[in-house]
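My structure is below; once you've seen it, I'll send some questions.
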Amino acid sequence: MSDDAALYTQLATIRRFEETVLDAFPKGAFYGTTHTYIGQEANAAGVLAHLHDGDLVFSNHRCHGHFLAYGGDARALFAELMGKATGVCGGIGGSQHLHWKNFYSNGVLGSTAPIAVGAALAEKRKGSQAVTVLFLGDGAMGEGVVYESLNIASLWGAPVLFVVENNHIAQTTPTELAMAGSLAGRFAAFNIPAVELDSSDAREIYAAAGQEFAQLRSTPGPRALILHTARFGPHSKGDDTRDPAFIEELRATRDPLTIHGARLEESERTAIEAEVDSAIAAAYAQAEADPLPEHAAYVKAGY
Amino acid sequence: MSDDAALYTQLATIRRFEETVLDAFPKGAFYGTTHTYIGQEANAAGVLAHLHDGDLVFSNHRCHGHFLAYGGDARALFAELMGKATGVCGGIGGSQHLHWKNFYSNGVLGSTAPIAVGAALAEKRKGSQAVTVLFLGDGAMGEGVVYESLNIASLWGAPVLFVVENNHIAQTTPTELAMAGSLAGRFAAFNIPAVELDSSDAREIYAAAGQEFAQLRSTPGPRALILHTARFGPHSKGDDTRDPAFIEELRATRDPLTIHGARLEESERTAIEAEVDSAIAAAYAQAEADPLPEHAAYVKAGY
Amino acid sequence: MTSVLESLNQGLHAAFAQDARVYLIGEDLLDPYGGAFKVSRNLSTQYPDRVWTSPVSEAAIAGVGAGMALRGLRPVVELMFGDFSTLVADQLINSITKFPAMYNGAAQVPVVIRTPMGGRRGYGPTHSQTLEKLYLGVPGLRVLAPNTLSDPGDLLRRAILEQNDPVLFVENKVLYPKQVLDNAALADFEIQASTQDFAPTHTLRLKGAPRPALTLTAYGYMAELAREALTRLAFEHEIFCELVVPTQLAPLPAGGGLQPALQASLQHSGRLLTIEEGTYSLGWGAEQLARAAQHFGGRLQAARRVAAAEAPIPAARNLEDAALPTLEDIISAAREMV
Amino acid sequence: MTSVLESLNQGLHAAFAQDARVYLIGEDLLDPYGGAFKVSRNLSTQYPDRVWTSPVSEAAIAGVGAGMALRGLRPVVELMFGDFSTLVADQLINSITKFPAMYNGAAQVPVVIRTPMGGRRGYGPTHSQTLEKLYLGVPGLRVLAPNTLSDPGDLLRRAILEQNDPVLFVENKVLYPKQVLDNAALADFEIQASTQDFAPTHTLRLKGAPRPALTLTAYGYMAELAREALTRLAFEHEIFCELVVPTQLAPLPAGGGLQPALQASLQHSGRLLTIEEGTYSLGWGAEQLARAAQHFGGRLQAARRVAAAEAPIPAARNLEDAALPTLEDIISAAREMV
């Protein structure tokens, strides 16, 4: 498969997965909460295509796209959202709390920052050559521990790529109401080189990320990639307070699938889509049929 | 009294107070811990000379100089350090935890930042015209909550002057080991205008602070004043790990009393010093004679 | 009828209307969203300059609230999930609650920190906890938890306006849609109400039931389950209980005493079962049992707790159900005690 | 003889020597300073690349330690004062202790967070607290507190090397200069030792004393005062006690049981006095009393706690003495119990 086809497969897989989640949620297939990645697929696909074996990824509440682009299994992720024994974390974590191989996510905004830095430093000390990617949203940049972590990463030369996905909104709060100054300035303050890109084009993001990874692997110390992006869907489910016309416009102008899909032959593109559709449908069906977890470990402690 | 004489009186008062503390501590006059301001007197004196009635000051562990320059009473401060009923906080707070009028200090580094911002916003909402000064050390800039506070102060236009006293050391840690990037960059990141000054000259600091206060009172929104300075004494007591020769050099080149004292006639200077000496000695003697606090409120809760 | 959510929202509106010193700070507060759980709905529309939607900076908004309170305002800080109260622990413990006493009585910090707690919504390990137990032993903090037996909004309003302590106001998420109960809904019960400061405590027993053999105590949403348990224990097992439901969780009486209503109930039952949604050890129930043991010594014949498993709260529904205390847990614990 | 401080320092050195995965992170660690309380002395000289002096960023260093532990190292994080543990509450509660269970057993976080706690040094309200009670009920956390009855350094070394739980290691400041006791120093006592995992619990009574009428339990520095109280109660008041001193404060036995040594002692005394330096409500003692009440029911004839006043710890010496539990407090509480 060509690089472009592979990239498109990633984008389509994430999109199809998330659409399935949003479709199935109201039907009661899932329990709890979820945050879908629709509109931002090019970030995960473009960035994580550069991972080597052994590299680490720390992700946040909006982690499905990161997880799938990391190579995570769609069935295991569906199963996790359904609270099944076959889920990524056996149903314990749910949508926001995933761990598989070297992929970790947590639902407390910003809390992963020092942990990612520590993990990166550990890999460096162990001489593993692994680098660490940390995904943060614009909203998470409100958390103080992120700045403590930038400082330490910079001082101690942690091989971390901070990827800020600025979708211009945090839950319902536009970035202008929550962020003084600039994202780039936040990294400059700690002497962390930052590259900024406003794009939904997976190839562009892939290229920019490639340069960052190359630097990261050759010279010690953290770097940042600020990706201005667009969230098409609700924050969670049905909680989008933005003007529908604005979202239509985003979908029309910034769809990573449209943008990158245009590079493929129509026939190749539809073939990929068909394959992805059936893979995701199969994953969903398998997860649905999977068993519930045993709850012996979760007996009450009150005696 | 001329402005210069008044300024020198402040410097000498703080110096004499702190020398008395360091002298008397080993004799058992005080209990607990202390952090003296020797070498940094020009900061408190130069900055706080601009306070209007009703302005607020939030200070840190190294608060004696700030307190005295704010107008706090030396006897009450000695008494506080001695654990006497007449102390600033009746002996409960001790050296680091002072509150009198609109002056507040706390011993948890950085923790005062959001509180100062909130207090400043409250004054603004109440229409009191009061501005708020927050003193932070270079070390405190390690705390995440400071950055959360800078962001909010900037977003919400809090009338706060952030005064960073960079004495190039935090306890025993040189700033280079603890701070990536630059202090100015930390404020720029949040769109807070910052002025930087490397001086131990009270007049220079007074002038720079004057401009900041003027701006602060005329235009809404936070500002920062970064004062590069020198700590002559130990962090607390007898815990200075720096080369004595280096400290000698600091004392020789950066003594605020020498620098500013040179502007006064010898006779005026010595008159001020004599007056300060006797005032501090009297304050100390009074505090020593003061009664211990009643401890009825602090009975044990174990029944 | 009014739901707990509506009542809380009305309480906030009443506080805003009554006193111009009231402000609200938190994440995603602006209408039409009105806060993640909608408790703050319509406030930003009606009081645009007193509702400040904030960055995702829990520690700072708690501190900003503290600074405002210190300077004479009456701020309310909304933490989107109680799980994130850990981020304000330092502000709460080392500043907010310290200032009044540490500054020798010369400062007050009347800030109310409101937050939803609790599970049963499948939100997973970091969005489902009942963490107030961490703060119940913090000197200088008042902790309040509304329930359906009295007016949650009024409790909130009075916490904001009528006293000067810092307050942690804990709202169980599952309680939000529940109705505040009127006399008709409680017709089966004989109810005694008392107050600690302005915070009510209710003691319930079934009308005409014999002298209770067991005292149940619970707060917040667990009081719902406890009430149901009380009825079922009577009708299905002929075990007659009394249920004590406080809204003030802290401070407890100085000197290690029991809350008077609880003491009164134990006086005749001599058996105490505490019911809470937080994890087991070092929880609210532990303190109640300890005080009961202190006060009654050998006259406390049986003591027991129902609480959550000592583990993260899982996302999967069947695991979450297994981790959190249920009606059946209460009933079986009670049955083993008498 | 060896002081507790020396022992802890030796324990760290032993761990560093034994395992290259051991790292130390904290503020002001570099020699000649070696940490504010000198527990880390000489480590930076001997292991310059494994001792990382940090910015004043408690939350981040805890998180960095967690990340290192997650990736196979054995980090130790020093918090300069336990009062600042509030700043790591989120890392500790929502990440460090959550990961192992939340990731379904696929992750381990063997980080040891060491910190001095306690007062009696006049450091004032924000540098004198005994805050471990906040963390004793956090699922997944092991909390250890050394004392003079066994080797503090060995406890620390084993906490670092021999197990995979996250650990909070609580060192009372006043304990640092105390000598670790040898047999001669304890010659008056009959001592039974047991262990929970690798953490020892000691049960002491005076040699030749009659059957104990009262069980005292205490940990850390308070065990010193409790031992003295035990002696004085015997000689001055003819009240014979048994003293149970655990080093593992959490987790307690699953299912609400008592630690075996405490249960054994209560079996014959039927009276429990807990002694702690933390503030009274929701403390370590509450949990011990609750478990005792659960287990013994009406056979627990008397229960009581000695603890700190529910207020900030004042700086003034006479106020601090009044706020913190003293020998006299223990003696008078014990006298009222028998």
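By written order: A, B, C and D. Residues from 1 in each chain.
Here is the rule we use: contacts are C-beta pairs under 8 Å (C-beta built on N, C-alpha and C of every residue); 3 or more make two chains touch, one makes a residue touch a chain.
Treat the numbers as computed from the prediction; the structure is a model and nothing was measured.
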item: Distance-maximising chain from chain C - centres being C-alpha averages; value: B
item: Distance between chain centroids, defined by C-alpha means - chain A, chain C (Å); value: 36
item: Whole-Å gap between the CA centroids of chain B and chain C; value: 41
item: Averaged-CA centre spacing for the pair chain D and chain C, given as whole angstrom; value: 30
item: Where chain B touches two or more other chains, by residue; value: 90, 92-93, 97, 106, 108, 142-145, 148, 151, 155, 177-179, 301-303
item: Set of chain D residues in contact with two or more other chains; value: 54-55, 57, 59-60, 83-84, 87, 90, 94, 98, 101-102, 124-126, 254, 256, 279-281, 294, 304-305, 309-312
item: Overall pattern in which the protein chains touch one another (line/ring/star/complete/other); value: complete
item: Complex contacts: residues of chain C adjacent to chain A; value: 27-28, 30, 32-33, 36, 53-60, 83-84, 87, 121-127, 279-281, 304-312, 314-319, 321-323, 325, 329, 333
item: In the complex, chain A residues that touch chain B; value: 142-148, 150-151, 154-155, 177-182, 185-186, 188-192
item: Chain B contact footprint on chain C (complex, rising order); value: 23, 52, 54-55, 57, 59-73, 75, 90-91, 94-95, 98-99, 101-104, 106-107, 254-257, 294
item: In the complex with chain C, residue positions of chain A that touch it; value: 31-33, 80, 83-84, 87, 90-97, 106-110, 139-140, 142-144, 170-173, 177-179, 239, 241, 292-293, 295, 297-303
item: Of all residues in chain C, those that touch chain D in their complex; value: 83-84, 86-87, 89-90, 92-94, 98, 101-102, 124-126, 131, 133-134, 136-140, 250-252, 254, 256, 278-287, 289-290, 292-294, 297-305, 309-312
